[in-house]
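What follows are several structures.
The following pair of complexes shares a single chain, chain A, combined with chain B in the former and chain C in the latter.
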Partner chain A sequence: MPSLSKTEIQKNDMKGKGPTQNTFKKAKIREAIDGWLFSLPFVISALVFFIGPLIVAFLLSFKQYSFLDGSILDAEWVGFSNYIRAFKDPVFRKALLNTTIYAIGVVPTQLVIALALALVVNSKIKGKTFFRTAYYIPTITSTVAVAIMFMFLFKSDGVLNKFLGLFGVNPYTWYDNIYLALPLIMLMAIWSSIGLYMIIFLAGLQDIPDSLYEAASIDGASKWQQLIYITIPMLKPTIFFNLVVSLIGAYQIFDQAYVISDGNGGPLNSTMTVVLYLYKMGFDEFDMGYACAIGFILFVIIFILTLIQKKFFGEETKM
Partner chain B sequence: MEKKKGIKFSRIIFYLIIIGYALIALGPYIWTFITSLKPTSEVNNFSIDFSTLSFKNYTFLWKKFPFGRWFLNSVIVAAIVSIGNVLFNSLAGYALARINFPGRKALFLAVLSMMMVPGQIVMVPTFMLLTKLGWVNTYKGLTIPFLTSLFGIFLMRQFFLSMPKSIEEAATIDGLGRFGIFFRIVLPMAKPALATQFIITFNGNWNSFLWPSLLAKSSEMYTLPVGLNSFQGQYYQFWDQVMAGVMILSIPSIIIFLIFQKNFIKGISTTGMKG
Partner chain C sequence: MKKLSLLLVVLLLTTSLLVGCGGGASEDTSSESKEETVTIKLGMWSSSPAETELIDNQIAEFEKTHPNINIEKEVYTDDYMQQLQANIAAKTEPDVYYLDVYQAPAFIEKEVILPLDEYLDQEDVKDFEENLLNGFMKDGKIYGLPKDYNTLALFYNKDMFEEAGVEVPTTWQELEKAAKKLTKDGVKGIVLSNDAARFIPFIYQAGGKVLDKNGNIAFDSEAAAKGLGFYYSLFEKGYADTPQNLGVGWNGDALAQEKAAMCIEGGWMIPFMKQAGPDVNYGIAKLPKGEKHGDLAFTVAYVMSKNTEHKEAAAEVIKFLTGKKAQKMVAESGLAIPSRKSMAKVFTEKYPERKPLVDMVQYSKVYQFGVKSQKIIDELNNAGQRLQKGVENDPLKSLKIAADNLK
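Moving on to the complex of A and B:
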């Protein structure tokens, strides 16, 4: 309670100078001015670059507007037709399907691997710091660099195909193949963010008190039982947090899809994602109203998914 | 005896798993680095002929292509954005943690709600605004909209809440004003959190692609990820050079991470953001 200290100081002040209503009021005004002055840069930035544009985006999503048209105010109201159009648009539906496949494939895989690695790294092993560092490096690398690296590794005469060839797998240029391009993006996403979730799991693991494990092992619980009955339940808030972050990130996939398809979501829209389609509609087709509607659909999807997870995980999760 | 054997066996499996995964995590970098040292003719040769390796590709990219310029742009943009974030996020975070002003609760609630909105929603109107302002393809456009961050404010608020109040109280009694306390006492005490904020923002901005690809239109304004992507699109058959470009983009991140590992891990485990 930050207010407490201030009133204490105030009391001391009053003892010295005599209790006048005036000094108290002055201090309150001072607090108000200071508070808003400190927040001012953020408030301005949020209003100009977030809240304002958000309102404009909302209005635009009900209008037929192209950037080349001139004033937004003159643009024609079209009601919900941008939203309706999205659900009839085969390319948008494909984008939504791709993004959902991507999320279903990536989110559980990366969290399970991250948790397994966190458990291993958290046990008493030598070189813990080295492994933690090694696993984390892909996370801090640019998505563009990762995408290009994977394109190179997975081209038809690349090292991965050479390796797979040892097992009799035919070589393909993954990023040019309608069946393999999306899985390639999924692979690079899993590879590049396991470290992130591992670190968060590690922090969660370290918060579990040792006494719980001690008590359990006195009672004769095996390592496996300890994992199921202590570790996993105690990690619930961390798992929820990771799930939310990972799922929100998954629905916003853009960079990798842009790089491997040269910005067009190809081959044959097999790497078209929701954000990439929004980008294309907004900045290649100048169909701004439609692009904004796609943005709000994305927001609603993410919002609903977060609520479902919250329900599923119950109220005890702190977020 | 029996039990000891069991433990040993699980140890071996543990080490196999973690070493195996370390190879998966680092292997692509090693292969990329080796390729970047090869001449183009050797790219598809999987044995390494050490006599042909050289840093030629790097000097080539630096001299014949604007990689130097792109690198400089990335440094300038990331530095400005990071300084802005350190200053403004800690100001706002401090107000939310310590100053009892009317509207504080509402402001914090606003921060939390905005964190739930995907940033891509505002892409179209923000781009239109920046076009109106004439900021597209300028450093202004690449930096000013990104000077504060919701996650950063959240991180700083948590930090200030956990800081002991007694020193600030003593300073108040000594007659120091709010700004004096903040700049002379609070910020010096917050150095570790500020460093975390700076490094994570710097790395996030260094790697950022979506916004710079919209806002940097001509080659001399490209940041490194945008530049590398356009280079890759045109010269993809020269994988050795492209891989050198990948290394130029990745190595600064890796070096910064190796030096400031603790800061990264602290920032990530508090907010789950990687910048």
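Moving on to the complex of A and C:
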């Protein structure tokens, strides 16, 4: 922006008018108007589809409201009772616990694997384009399709059971077990989203200048030392970005749990996640106010977790 | 100056766009007069081709006799409740729409649907099955007319029964014996799902209740525990298994793929079996009886939105679609049982083998448990799952946990 205003002033100079305070101000105002005009489509859509709903949802979280109630304005204010209710609600606590276990399981695993894959496809092996594509394909596959495919793999007469059957193991319905259903969803999420993080790591890796590695190898650093002392530190901003995105994604897990449990978080709430519970509350139990409160609790949790990560990675990354 | 005028033009355009959006809707209503044709939007979920054909024929028949009323179908292809609720909040829901009986209490309580009494002939209303109509009533007012219904019955594989030399069971003891005999060669005697909508009939059969007369939780009783206990004892003894463990999608699939000899399902099995198990020779029988008969009925009604601009016309549509002519078409299609008693005969005459489904309606309660239906069903499902997964072995305790969670 400032560079633009300079050219404006220069133009005015050429017309013979001096760059007085007045014309400078005028140019600035005009520029501001132009700027707003250009960003108007985005500003309007952001206000209507993002900021507006956000404010409404925030207000709703303090109200007793369902979509069947009609006007939002008439809904009764209930103060913090939706929030208090959430902390007393055993199913919500279970959902929060499940989601946290899920995040702890998924985020580190998927980042480590994604980084390893990125290192592999960044090296000069043959057919790396093929591998890059192959690892990325699950990411662009619909999560629902992936979930259904996993159900076929793990169902009682599915591929896995047929394979285990060769060793005399009895068939088992993996996703119908209260201890295995959630890990199954975790496995699915790791498998299907690794490609995305791999691509971002790959971009980060390619930003590291070759000269660093050359210098290091001249100094006699081993491949491992190069990884620890060059690659990882240079990748810190990328790691931070991936960590944040992956954690937010993990806390918002919904589709896989919905498909695997047929929308009810079963068996015995073992796959109930925060967003699935929020969805159930809002649309099945006509309790949109409570659902909004759950949404904001989730928002606060994600926000705090992101701040903590920034503390650890923040100084050099300047997000 | 040029730029300023440009800005003005842009602003004008955007505001006129916004105004245009709002204005459209109010215009159609103001220009409406009695003689003109009105359009009634009819909201429904997407269904099988056969069912779509039935409703299309009903609509065509209606438009023949009502030249002034035009019916426009609005088919919700996504999650019906989610989309419908969003439309209701925006006041853009259809004038008349499908409503499942188990969501009806919430809709009636929130007054999003209108009572229909003023448009109905009280004599004619008596023709509807009371059990079904009650599901859409509050304080003596009728908020919806059921379009059809289904009950649960016992579907069994005739060939397997013959081979094992088993008679069709009529009591719990006979059911257990039959299931025992039929469990062999990798086939389970009966497929049962972890689903309140399948085990609640057993609670009723044992003399138990889900809710008492005042709508309070009543399933934490000895009788209810007996019903639930019997259902899950079949798993424990090895005569029953879930569709998941049999490697199929749902109960009906287990019968179609001959992985179980019996299942408890409704009339929707008939078109399904034609498609998925055309060679399976199956029969339909009444649900076996415990202390007494008991069953669930599933029904859907046409209801009228409180936001409709054309109440009279909407009422006409509802009355026609649940009227004798349209119900006769339901009966003949065989897809579901017509909700009118006078038409049940047409159905049983055309499809005598399906009579058990009709016979069960007198013992049935509709699948509906007050405003908190969903929560109650979730908790009951969990109570069942605790027994099946061995987390809890005492049915009464499992039901008590469920009841406590609902307090």
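What we mean here is this: the second predicted complex is superposed on the first by the 278 of 319 C-alpha atoms of A that agree within 3 Å, B and C clash if a C-alpha of one lies under 4 Å from a C-alpha of the other, contacts with A are read in each partner's own complex, and residues count from 1 in each chain.
Just so it is clear, a residue touches a chain if its C-beta (ideal position, glycine included) is under 8 Å from a C-beta of that chain, and two chains touch if they have at least 3 such contacts.
Since this is a predicted model, take the numbers as computed values, not measurements.
In the three-chain model built by superposing on chain A, chain B clashes with chain C.
Of the two partner chains placed around the shared chain by superposition, chain B and chain C are both touched by A:F283. Contacts of A:I232 after superposition: neither chain B nor chain C is touched.
Once the two complexes are laid over each other on the shared chain, residue contacts for A:N269 go to chain C alone; chain B is not touched.
Residue contacts after overlaying the shared chain place A:S66 against chain C, while chain B stays out of touching range.
Look at A:I178: by the touch rule set out above, it reaches chain C but stays clear of chain B. In the superposition on chain A, A:G52 contacts chain B only, with no contact to chain C. After overlaying the two complexes on the shared chain, residue contacts for A:L307 are found with neither chain B nor chain C.
In the superposition on chain A, the chain among chain B and chain C reaching more residues of chain A is B. In the overlay built on the shared chain, the residue A:D157 is in contact with chain B and with chain C.
Of all the stretches 20-28, 128-136, 146-154 or 200-208 given for chain B, the clashing one with respect to chain C is 128-136.
Of the residues of chain A, those at positions 30, 33-34, 67, 72, 157, 283 touch chain B in one of the two structures and chain C in the other.
Those residues of chain A that touch chain C in the shared complex are 30, 33-34, 37, 40, 44, 66-70, 72, 90-91, 155-158, 171, 173, 175-178, 264, 266-269, 280, 283-286. Touching chain A in their complex are the following residues of chain B: 14-15, 17-18, 21-22, 24-26, 28-29, 31-32, 35, 44, 46, 87-89, 91-92, 94-104, 107, 110, 114, 116-118, 120-129, 131, 145, 147-148, 153, 165, 169, 172-173, 178-179, 182, 203, 206-207, 209-210, 213-214, 224-225, 228-229, 232-233, 236, 239, 242-243, 245-246, 249-250, 253-254, 256-258, 261, 264-265, 268-269, 272, 274.
Contact residues of chain A toward chain B in the complex are 2-3, 5-6, 9, 12, 30-36, 38-39, 41-43, 45-46, 48-54, 56-57, 60, 67, 72, 116-117, 120-121, 123, 125, 130-145, 148-153, 157, 159, 162, 191, 194-196, 199-200, 202-203, 241-242, 245, 248, 251-252, 254-255, 258-259, 262, 275, 278-279, 282-283, 288, 291-292, 295-296, 298-299, 302-303, 306.
Within the complex formed with chain A, the chain C residues making contact are 3, 7, 10, 14, 79, 81-82, 85-86, 88-89, 91, 106-107, 110, 112, 194, 242, 244-247, 372, 374-375, 378, 381-382, 385-386, 389, 391, 405.
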